[in-house]
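After this come two complexes, each holding chain A, first together with chain B and then together with chain C.
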Partner chain A sequence: MRLINRHPGRLSGRALAAAPFIAMVALYLIASAVRHAANPADKLLPGISQMAAAMNIMAFTQDMATGDYLMLTDTLASLQRLLEGLAISVGISFVIGISVGMIPYLRRLFVPFISAFSMVPPLAILPILFIIAGIGEAAKVTLIVIGTAPFIARDLIMRVEEMPKAQLIKVQTLGASSWQIGLRVVVPQMLPRLIDSLRLSLGPAWIYLISAEAIAAQDGLGYRIFLVRRYFAMDIIIPYVIWITLLAFLFDFGLRRLQRLVFPWFAEAKAQ
Partner chain B sequence: MKLTRKAFLKSSAALAAGAAVVGTALPAHAQAKKKFTLAWTIYVGWMPWPWAAENGIVKKWADKYGIEIDVVEVNDYSTSINQYTAGAFDALTITNMDTLAVPAVGGVDSTSIITGDYSNGNDAVILKDKAKFADIKGQNVNIVQYSVSQYLLDRGLQLHGMTERDVKIVNTSDADMAAAFLTPDVTAVVTWNPIVEQIDADAGAHNVFNSSAIPGEILDLVIVNTKTLDANPDFAKALCGIWYETLGIMLADTPAAKTAQTEMGKLSGTDYAGFASQLKTTHLFSDPAGAAAFTKGSQLIATMDHVRQFLFAWGMMGQGATSPDVVGIEFPGGHILGDAQNVTFRFNADYMAMAAAKAL
Partner chain C sequence: MSTIEIKDVWQIYNGRVVLEKLNLNIEEGSFVSIVGPSGCGKTTLLRMLMSEEIPSKGRITLDGAPLSREPTQERGVVFQRYSVFPHLTVLGNVLLPLELKESRWLGKLLGPRRYDAKAEARQMLEHVGLHGAREQYPAQLSGGMQQRLALAQALMAKPRVLLLDEPFSALDPGTRADIHVLTKRLWEETHMTIVMVTHDISEAFRLGTRVIVLERPTPDNPAKGARITHDIPVRPRAKDKKGAA
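Moving on to the complex of A and B:
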């Protein structure tokens, strides 16, 4: 049988999926053990017990100064910023994406501008952003919006343009107005695609969130990482990074589930 | 060309072989160490290093001791410390506080061989539209947390009968401090030069407390990995030679000194006037005898005690540290603060004394 037609079984499939993770952990543990043999107080590659001790303090012990569980406070603060930013971003880009995608006049007016604007690196114009949005919560949310909205809007515009022309002509012969076509034909088909686009934007959204928290903050996952980096506390940074990765993965997983649940027809259409 | 399986396998094998050759050609560890690196970051008290490298002074002293010295710039101060601690550099320009908090707590035994200068106004607390330090009470303070800025703020609060509970700290990146001060919600900042100068130029800015009020406490050092130093004292001798020759040139009252300062200014992104004004708020130990005497003095021990208490209070002496005594700090003459079994930070005045005696 050809290699491209051979499929792993259920069990061996799982083993294969787990192998790279196990290899990475093993490699880390070996490197960490080597460094600790040379210097028992090594900070670069902390061992499991060091990280567990650090997490015990960050996640399960009340902070002496504030009485908070720091990791919980950080997580809630970051999630609030992330969700606010993404909600605004999705709202703006959905309206822009559908109207610009459908209406030729708007297309001529906005498409070149949005294409150009989406290329501006937001982190390079931070001082201007500070003047507009301050350096508090609003600035962090704004940074996420500026970082993700143009991408989602552009993606939706292209998806609307890709719709089969025959479909639009058909509804027009049935007498639908532009408004009706938008609400009854375009929007329902775009909603699952919006979820796809949002999933792809999660990575950049986390990057902008963490950058924003590095600039000026009092709490947040990115704040903590940049703070303890000053004294090289990798025993806190590594678990935080794993935690962020897990949260991002759960978001992605949740959106995929949501898509399958609410728009079952979409997955079927994609499979064909 | 058609990509056949044979061609594909052949080219892959060639690539792998090439990579293997390159890999083995790099010497893993040279037997007798002859090549050393000193890492520096932009700061007025450290600009003599790149200038000395550009003007052949580094090479001259390295040749004298038959070694090679690489003077490399690192863009970001924190990164330079972390890289040194991870073992990427042999020597580093760093403050006394950061040496204790990172390499020393991280078990990397380091020796300070040059006490270069102390901040004499380079670090400052600046309030917007308020003229007294006491007005800081209740304000949000934008600051690079866990840096010497926070040490300065703590000392300021202490001297004015307050504690950090009287203010609210907002961790802010030094790169964005000047821009942050321009926004209405930022009313108090603590930062260092050249940012202090930039912010002081603002009409509403009041410099209410700065490091000239705690002279000799925020020290800029050159540290060397103690293992490397013990095996290669010539490296430290060369560094001291370079340092005092360069200071001699730049601090003389000559046209050459002005040229040197202009060039150092350029290297740090300012000009002669900017550099000269930053020099005014930096107390350079121009005379090696004075530097050695300061390093042997009792004030340094008291300062390091302040510093370690500060670090301990903020949890920077390591996870699970039960007292500031977990690491030992050794001073010239053998006095030790903290754990004598775990000395990882040593002040050494020998090389400065050699420079003073012209024995290098």
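Moving on to the complex of A and C:
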């Protein structure tokens, strides 16, 4: 049988999916063991027990100076920035995406500008944000907005333009006004696509968040990683990276489930 | 009396004449089938009737008044595909025209008005044989059911004229025969004027009261557009009468 026609079974499929994860962990543990055999105090590739000890201090022990659980404080601070940024970004870009996608005059007015604006590297204007908005929360949230909103808006504009023209003609023959078309036909069909767009924006949003925290912050996951970097504290950095990855994965997973739950028609309509 | 009058209509794209000096009067309550080889401009003609395209020259009137430059409620339409809304259930699709009419800002009915509208929508679904599928989404329906739904939805807006753009071309023969019967029945009940474009000649004769043939006399000459080469009145056949009853 040809290779392209062979499919793994249920069990072997799961084994295949797990294999790269197991391989990576195994590879790391071997390398760590080798280094520790040569130097028991090695900090570069900490073993599981070292990381567990570090996490015990970061996550489950009150900080002596502040009385906080640092990892919790960091996580909450980062999530707040991320969610605020994404909420503002989604709000702005949804309104722009729908209206610009639907209305030819707005398209002429905004599409070239949005295309140009989205080429500005957000990190390059981070200093400007720090100068204008100060090094507080506003600058970090703004960075996430500037980094993700143009992408989501452009994506939505294109999705609206991609809608079958027949549908728009049809709804006009049913007597709908522009407003009604937006409200009853375009918006409901764009909401699940907004979730897709948001999922794709999560990666960049984390990049901007961590970059902003690395440069100027008093707490946050990115701040912590870059702080402890000075002490080569790989035993903290690695669990933090895994934690951030897990959070990002959960967001993505949650959005996917939400999409399937709230817009049951979407997957089937897309398949047609 | 003529519902639609097409007077000296030309359609020219970048120097290529598609339709040339078209003249056609469509009688109130008639069922006009337009046939012709692909690329002859029959869809162009239908698009002009729904104001998706504006003629380069000439004029089209509906009940004596020039056609609006955008699609309106007077002219309902069923396309071959994408005629119903994928995000609404079958019931939601049929409810939509009522909601658009009665709720200007929300586009959605609530409370007792919704209840009444739902009853009306259900009646229509029963009429076209989709009552059992009312909670399903269009993607879950077969092609034939989707087109039934498209017809039902278009009729809910009570158009003066119904424009059909190869509505049954994608269906298998059995389904097509069923939906022909339904279409004929709906036409007889509503006394609506219907213009249908099709490439299926037997369908054109089975449904139409009049068959118009569009053809380009010289297909390779871009300066010569399509014109009406045949205009055939169709007498209803006894067999179809029975099928429609």
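By our rule, the second predicted complex is superposed on the first by the 272 of 272 C-alpha atoms of A that agree within 3 Å, B and C clash if a C-alpha of one lies under 4 Å from a C-alpha of the other, contacts with A are read in each partner's own complex, and residues count from 1 in each chain.
Here is the rule we go by: contacts are C-beta pairs under 8 Å (C-beta built on N, C-alpha and C of every residue); 3 or more make two chains touch, one makes a residue touch a chain.
A quick note: this is a predicted structure, and the numbers were derived from the prediction, not measured.
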Practice task
Examine A:39 and indicate which partner it touches, taking first as chain B and second as chain C; both and neither are also allowed.
Solution key: first
Practice task
Report for A:214: first if it touches chain B alone, second if chain C alone, otherwise both or neither.
Solution key: first
Practice task
Please work out whether A:9 is in contact with chain B alone, chain C alone, both, or neither, and reply first, second, both or neither.
Solution key: neither
Handout entry: Partner chain in contact with A:189 - chain B first, chain C second, else both or neither
Key = second
Handout entry: Partner chain in contact with A:226 - chain B first, chain C second, else both or neither
Key = first
Fill in the blank from the handout: Note: in the complex, chain C contacts chain A through residues 50, 52, 70-73, 75-77, 79, 81-87, 96-97, 99-101, 104-108, 137-140, 153-154, 156-157, 159
Handout entry: Contact set on chain A toward chain C in their complex
Key = 164-167, 169-177, 179-180, 183-185, 188-189, 263-266, 268-269, 271-272
Handout entry: Partner chain A, residues of chain B touching it in the complex
Key = 78, 81-82, 85-86, 101-102, 105-108, 142, 144-147, 168-173, 176, 179-180, 182-186, 316, 318-320
Completion exercise
The residues of chain A that touch chain B in their complex are 39-44, 50, 53-54, 57, 126-127, 130-131, 134-136, 214-218, 223, 226-227, 229-233, 235
